[in-house]
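Note that the chains take the letters A, B, C and D in the order they are written out, and that residue 1 is the start of every chain.
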Amino acid sequence: GAAAAENMPKKIGYVVNYATHEWYQNVIKGMKDRAAQLGIELEVKDANLDVAKQVAGAEDFMAQGVDVLIITPVNEEGVVPLLRRAKAENMPLVLEGNPVKGMTTMVAICDYDTGYHAGVAAGQYAKEHLGGVAKVMNVGLPLLSATVLRSNGFMDGIKTEIPEATLVHDLDGGGNPDRALEVSSAALAQNADVNIIYGINDNSSLGGLQAWKAAGKSQDGLLVVGTGGEGLAFINAMETEPSYKIEAAMFPEKVGFTAVDAAVKVFNGEAVPEHIVSPTTPMIGADWKKYYSVEGTTRSINWDAVNGVKPADKCMKTAADLK
Amino acid sequence: MPQSVSSLAAAPAGPSLLRRLARRNEIALLLSLLAVIAFFALASDTFLTTRNLTNVLGQAALPLVAGIGVAIVFISGEVDVSIGSLVAAIAIPLITIMNATESFALGVAGALALGLAVGVVNGYLAAYLGINSLIVTLGTLFILRGGVYLYTGQRAIPDDVMLESFFQLGNGRLFGVVPHPAVIAVILLIAFAYFLRHRPFGRQLYAVGGNPEVARLAGYNVRRVKFVAFVISALLATIAGILLASRLGSAVHVAGLGFEFQVVAAVVLGGVSLSGGVGSLAGMALGVLILQFVSNGLGMLNIATEWQLVITGGIIIAAVAFDELKRRRA
Amino acid sequence: MSTETLPARKPGAGMSLVSDRSQIVLLGILALLCIAISLAAPQFYTGANVIAILRQCALVLIVATGMTMLLVAAEVDLSVGASLAFTGCVGMDVTNRTGSLVLGTLAALAFAGGVGLFNGLVVTRLKVNSLIATIATMMMLQGGVYLYTREAVQNLHQIRAFTELGAGYVGGLPIPVLIAALIFIAGFVALRFTTFGRYLYAVGANGKAARLSGLRAERLKLVAFLATGLLVGVAGLILASLMNAGQPTAGRGFELTVIAAVILGGTSLSGGRGTLVGTLLGVLVLKVIDNGIIILRWNQDLQMVVPGVVIILATWLDLVRRRRDAR
Amino acid sequence: MPADPALRPAAEAAAAPALEMRGIGKRFPGVIALEDVDLVLAPGKVHALMGENGAGKSTLIKIMAGVYGKDAGSIRIGGRETELRTPRDALAQGLKVVFQEIALIGEFTVAENIFLEQYPVGRAGSIDWKRIRGEAAALFARIGFDVDPAAKTGDLPISQQQMVEIARALAHEARIVVMDEPTSSLTPSEVALLFAVIRRLTALGIAVVYVSHKLDEVFEIADEVTVLRDGRHISTKPIGAHDHDSLIHDMIGRRIENLFPRSRGHHKGEVVLSVSNLSTDAKLKDVAFEARAGEVLGFFGLMGAGRTELAKAIVGFDPIRTGTIAIGGRPLKPHDTRTGVSLGIGLLSEDRKGEGLMLELPVQQNMSLAALENFSRAGFVEEGRERSAVQSFVDRFRVKTPSLAQPIKNLSGGNQQKVLIARWLMRGLKVIVVDEPTRGIDVGAKSEIFALLDRLAGEGLAVVMMTSEMPELLGLSDRILVMAGGRITAGFERDAATQEKILNAAIG
């Protein structure tokens, strides 16, 4: 925890890339909770997937006189000049999610590792329940390096268990539920032998699963693996869908929490690592109940359990490895 | 009642200018803009600071510059929605060439070359082949965006050489106060406003949009006029794209998504008619500024994006409806 | 001498109901696409894939039926994508709360119909150009849906009939396809054979003349907006069923797909011209391209490039054909 | 066709012709618009071009103006063979045209429209707006037209727009001035001004082509007449060689015994239209009148008197401020054409293109629009019945069209007007309001339209006719009301009306 002796910034501005996404909703929730604990005012501006708007939002924050900026880049290259300008104005800045040239620090999960461990778990499951066969349909999102890393990690992880695992269809599902559904329908029509569906986020895995169901196929012999644990959707799926067995939890609340702590440190000029890793872990079957509880339509995070998940010291692979 | 010839001949400019002004919706837009500014100035203590106002001008520069082109195409009776992808696409030659040659000028030349090519293609397909321009530019919107994704493999291309001149273009401030993009936008606005009002070709744009048949009978080359409008629009989108690339320090494949909507909404809000022949750059500029100040002001008040969208949508409907009502009264 | 009408047809073009000459280009493109894709990837014409394509077409076609009417009446609705997502959330939420599919369905239809009505009123009463009015509605819905729900609305009721709506089959055909077919036929008949349809063309071709002839131009447009809204409601429910959730993030760009299909089908943007057969072909062409690119395992970025090219090309070919016919 | 070669104008003028068109041919899909037509213009002469609707006059003019390409023939201007590929070519040769359809940019000021073809530019290529305003005002002063050069053109009534059109043709140096029905919306005094201008032009050696369906005008102003019929050259004669009958005969191939075939003794029936206390925001003040079944009620007025506004108000098209309108004793909901039409009142607008035609749609759809319910059952259109009804009207009115599927934009103005009248006859009305019903319509069609209106009255309709044509007013009306400044200023029984009294009342 942050020491009470530290100077607290009065106001933190967070420019999120896409506030309406459940993942970021929960990141923001984590930030707000932490900020409230520390008596900091937190304001959020949404870039709504528009890089220009993101730069404008950060400019507005600087004009408003916030003490620290947190940014989840819409695109990691597109905020390089912004970082330069913030530095010129001595504006402390923390990044979330993606590294940017010239940054001080970033709070992020290890996307590759997240996919990788889910892949390992999937390989084990396939050995036990699917006769060791792994024909994967990846409902991916080439748009973002983070999501590409997850897919890559997943395939690498599954191959550690089943070396002959194949990626039979590599799709761009746009990260959207309806687009994921549509492209998966076509791919499933072409490849009848798919038996594992991997999605880079919950929308993607669920889109793939729904396409499967709409094609009138039984879920026997199918494994669906999702990523994120972003909201309620995956819980619902794990409870009701027989094939939805693995979810790579990324604990967005924890990311938000950690980002605020990092912001305080940067504000105080403390030394911080370049990459502050936020933990992830595969959840298999009913594991999710360890980390979350659901009441009505709100979920609550079980901090003790989440804080018990040890983050990696260093990511196995990062965006830099994609180039 | 028509006035007598002699009375008007005596005073050619005075009364007609006043009457023209009174009827113009620019006045209403200006009042709306002032009302918006006044409201936020009262509601937020950080809104009415030089820093914030100049920020907004800098942010408005992109839609302003591209809006000039879109307005010109609208005035000529056509539409151009390809600009959203074009602003992203031109950054590719710009950044790639700068990375390879370390020359800002060569990069800009490359960007302009691509912009020109897109304008020529749009113009040729729409004006010379006669394909509906919404279809053409919707097509190029898709093609360019897809092309950007294909070319970049959906990775942004970073600026490796970091030329200071390039950085300053989008991020620097004149006298440390006015953002360079705002300066460029104002210069372009004045130049094109002059061009539309005082050059025969500018009037041809209005005539061709107002009534192409009449324009043809008056001896205009309607196709060529429209063709040029598309080229102008593409070149202005190119300039906007260069400014954007400088602000982003890279060629970002997702830049400009939905930019065409933003600009079209502002242009129409500014009173530039979709059916051609009507509208002014002043109106367009006011439309852009109103939307930009609303978005900035709501942000200053810490109003959530959800509400910002709802409020902006409501403002657009109210403003256009008000303008229409006023017109019917008149 | 034959004096067939609507749309202006050449005497002797006896292809009658199925298609008239004006669709020849699209029909050709569609056939060409299907043959080419099948040759390269035989899976294209498997039953499973045909059904997958048809189901994707269904959603677009349902909304495009309304959009064609709007364009014929010289109006347009860009809010359909945003409304689609919102409707699904409303339908799912109300069904969850009441446990009644009927109430959920009614709520969804009422909501989507209400959006259509709102658009119609803004356009016909406040006289706001429909392009700009519905961009504004789109923004309001995009914001509004997150005010309504921040998360996807999960299927908590698990009513079977609801799941069937999107994923069920009747006689080997997916239910959405059957629904789309019924709506298409109803729309086709309405536009082609009824006074209502004829009036829409008239209103689109010359609103003042229509009004002077005793037509309620504004009301006709209002009906077209309302119909489009209701059809969005139907599509929204199907989509929610297919996704097993009300998804506030769904429907991005859906409006462009619908409009692209309609104009690809030869419906004029300036009103008074267009057919639903054209729209059907437009939808098929776009969705076959989308599907083909995946089946062929091409880079999916081509899913933007190829339709862009095809829309321009088809429009141009059609222009050439019409100019030649006119000679 | 009796195209007597001896009558061809070749051997005529001694001076080199200003324009010489030989063997001109032009076809449109399904239509031969012109075939082997000659036209020779002598400098300083007014050459009238006459013919029925659809005879090919406008087409010939558009060919000389570079708007249409010709399929056959040759054109010489000032003795030199030329190709006129675009309007620009024709303008460059000094050929100015006043087109039949108003060709102005509605959003521009009058002054700017005058200089549309060639903006005067000052230093550095900037438009010289001061000169434009000054010269436009001077031009109007010179011609004597009363038009405000600073007005937005689209705001002006059609008649004033027509004056602007004419002025524009005179603004630049011209060798040939072509006027395609320039007076269709002008009042007699404006026509007189125009004729004075034409005489000044011819005195300068400018050749003038003059197209009009108003025979009196032609006899007054023309030196020579060329008649076209069905796209063919029929005759070219000095005007002195013609009288009314011979000219009509050349034009339509038959005689017209009586242009205004009034079957006297219309049985005046009940009051079917009664208007009281009618005022609008714009112009009308306290208008009250009645129209009875079986009568033709003529409204006369000068331009801007308010007839068109009255017409649009009483059919429910425009909103009103005060007053009541009753059709057959039942009140009309103002600003609601639907009850208007169902109560039995309909308007034939003076603005054919803007308020009548659906240009892109076929003749059939255009004609059946108002009557579609008559051909429908349970909301479904019975196209067979519709088609045969349309066909029978096409036959009866002799609408010249290759098929019912022809887009109506391809028909000549007169034929379009017939379709629009048929639109109402098909529907069946109690009161038909016709606003300038014969604007731009040839004498043959005119007589048919008059006969038709007369017959309709005979059949018990009330015909309310707004017109600026004195002969038409006097020839057809049973009763005449005169408007000025938005009020009814006088009323006459037909037998008590004289041209003088009417004009006096119209001046107000």
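Assorted remarks:
Note that a residue touches a chain if its C-beta (ideal position, glycine included) is under 8 Å from a C-beta of that chain, and two chains touch if they have at least 3 such contacts.
In UniProt terms the chains read C = Ribose transport system permease protein; D = Ribose transport system ATP-binding protein.
Keep in mind the model is a prediction, meaning the values are calculated, not measured.
Note: the chain lying farthest from chain C is D, by mean C-alpha position.
One simple way to say how far apart two chains are is to compare their mean CA positions; for chain A and chain B this gives 36 Å.
A separation of 31 Å divides the Cα centre of chain B from that of chain C.
Averaging C-alpha coordinates per chain places the centre of chain A 72 Å away from that of chain D. The residues of chain B that reach two or more other chains are 149, 154, 305-306, listed in rising order.
Multi-chain contact residues of chain D (touching two or more other chains): none found.
The set of chain A residues that touch two or more partner chains comprises 20, 142.
Going by the touch rule set out above, the chain pairs that meet are A-B, A-C, B-C, B-D, C-D.
Across the complex, chain A meets chain C through its residues 20-22, 25, 142, 169, 171-172, 174, 176-179, 181-183, 185-190, 192, 203, 206-207, 210-211, 213-216, 231-233, 236, 240, 297.
The part of chain A that touches chain B in the complex is made up of residues 19-20, 43-46, 48-52, 55-57, 59-60, 62-65, 74-82, 84-85, 101, 142-143, 145, 322-323. Contacts from chain B toward chain C in the complex involve residues 125, 129-132, 134-136, 138-143, 145-147, 149-150, 154, 261, 264-265, 268-269, 274, 305-314, 316-317, 320-321, 324-325, 328.
By the touch criterion given at the top, residues 29, 315, 317, 337-338, 340-342, 346-347, 349, 354-362, 364-365, 369-370, 372-373, 376, 379-381, 383, 387, 390-391, 403-407, 423, 427 of chain D touch chain C in their complex. The residues of chain D lying in touch with chain B in their complex are 65, 67, 86-88, 91-92, 97, 99, 103-109, 112, 116-117, 119, 121, 125-127, 129-130, 133-134, 137-138, 140-141, 145-151, 156, 160.
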